[in-house]
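Structures are listed in the sections that come next.
Two complexes come next, and they have one chain in common, subunit A, joined by subunit B in the first and subunit C in the second.
Right, the complex of A and B next:
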């Protein structure tokens, strides 16, 4: 079995996060379009985002978006900057560090609303 | 797909690869603005039909939302197409998955776009 290193894990994370974001995108376009139908229907639907599961989902979503965004910028960099290909492994650690630096305070801020 | 010639008929996959990079870079900017504005400046406790009505009074937000909707659906839809190609091997299931994907993406674009461009408050 192929066991890659940082490159493989960033690729797996990128795909998993991408699928998760796509599933949420489908739900989010449907819930937003309810506003064109009835204000009541929309208000009842977005109230789901204020439940505990909704708030945990919001934090997971933001994590997935940040990871996919920062790793996507890494992919663009290694595709278009020839010298960056040689440091793709180091760039993955840059992605992880920047992700944690943004996600931890961002998640903490949102998590406070639950308590 | 088997072809006699080794030369690809068109460069669709190259254009798809390029599109993912260009749209991805744009979406990073738009999605982060969207997340900061909706989830941090306001937050889920403030989101209601009234919030949307007020926000869409400003045509710039409508255009912003429409561009984000379009890019996200094309980028996400193309990503899902690549995953279907990679993981769904039986021909019938692959055709079914791709057809369903294209229908869902088209319907979401039509419904979402129509609501955000015609909403009256």
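Right, the complex of A and C next:
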């Protein structure tokens, strides 16, 4: 496998997170549409989100959204600020630090609801 | 007796300073269905280049090994290969920088013709597609076309390209979509788009403002890391994107 550096891994993470969020959105549109068909079916689906596996999925979703959002800002910066290409690696580490600073408390808050 | 210490050490001879293992991806289109990795021992100096190790294998171990090399000094761009997972020129990579086990593979994204030799034709076709030459329809001046140092500086970085394809073949987007014009062609378009003496910038920007053009770039930076000439490839691509966006050159 090609040994790319921070730029390549940020792209891989960005793409995986983006595809994951898209799949969730499609599923979420489908499960929300259940409300128009059957209240029981809708309630059952919402209960699934409140199960332990659903909560873990929510934590992963929050992680994917945060990572995609913060790295998206990094990409926008690189696109519009000419000299940003020279600090793209440092910007990636800023993204990682900001991501962890927001994700860890958020994940803790969501995980607490499981117990 | 030679007392001059500036005389270079003769390398690629049996009994040199260290032994390295070369793992080389071999492919013979007449025999193999798919490439196979083969190991060879080579005796080299730590200050030799990977190209010297390849030469050792070809000259002393297996004469059927096929690879390109020409100037052997980092200018002709013939011997770009994947060395330990990254695109490098074999003639600019020292043995001491890559360790005792060296894995060498052909460039990714191109058709392998034999061993380390790949088909460059699609690459050169993409290069030609961006009109990589000066276009100026004004009457010829008596002397040279003058340019200020500031104007020259705008495209200085992209004049350094040697068309080795290290950038284009390090790009995951190019691996997935060979129609993408690729970093190298954009670098060579940049070289003329921002040249004050050239008059076809708009034409080149139109060529790059297409589905297979500059917008395929996802700012992965593998190209910048791979360039043996240290061209800021992604920066050049971003310059072109902004020139299209803002209508400037």
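One rule holds in what follows: the second predicted complex is superposed on the first by the 114 of 115 C-alpha atoms of A that agree within 3 Å, B and C clash if a C-alpha of one lies under 4 Å from a C-alpha of the other, contacts with A are read in each partner's own complex, and residues count from 1 in each chain.
Convention: a residue touches a chain if its C-beta (ideal position, glycine included) is under 8 Å from a C-beta of that chain, and two chains touch if they have at least 3 such contacts.
From a predicted model like this one, the values you see are computed outputs, not experimental measurements.
Contacts of A:82 after superposition: subunit C is touched, whereas subunit B is not reached. Using the contact criterion defined above for the overlaid structures, shared-chain residue A:3 touches subunit C, although it does not reach subunit B. By the touch criterion stated above, A:39 is placed in contact with subunit B alone, subunit C being left untouched.
In the superposition on chain A, contact of A:11 is made with subunit C only, not with subunit B.
Taking subunit B and subunit C in turn and counting the residues of subunit A each one touches, the greater count comes from B.
After overlaying the two complexes on the shared chain, residue contacts for A:115 are found with neither subunit B nor subunit C. The interface of subunit A with subunit B overlaps its interface with subunit C at residues 75, 79-80. Only residues 21, 24-25, 27-28, 31-32, 35, 39-40, 43-45, 47-50, 52, 69, 72-73, 76-77, 79-80, 83, 104, 108, 111-112, 114-116, 118-119 of subunit B touch subunit A when the two sit together in their complex.
Listed in rising order, the residues of subunit C touching subunit A in the complex are 82, 84-86, 108, 170, 172, 218-222, 224-225, 232, 234-235, 238-239, 241-242. For subunit A in complex with subunit C, the residues that touch the partner chain are 1-8, 11, 75, 78-80, 82, 85-86, 88-89. Across the interface of their complex, subunit B is touched by residues 15, 18-19, 21-22, 25-26, 29-30, 32-33, 35-36, 39-40, 42-43, 46, 49-50, 54-55, 58, 62, 65, 69, 72-73, 75-76, 79-80, 106, 109-110, 113 of subunit A.
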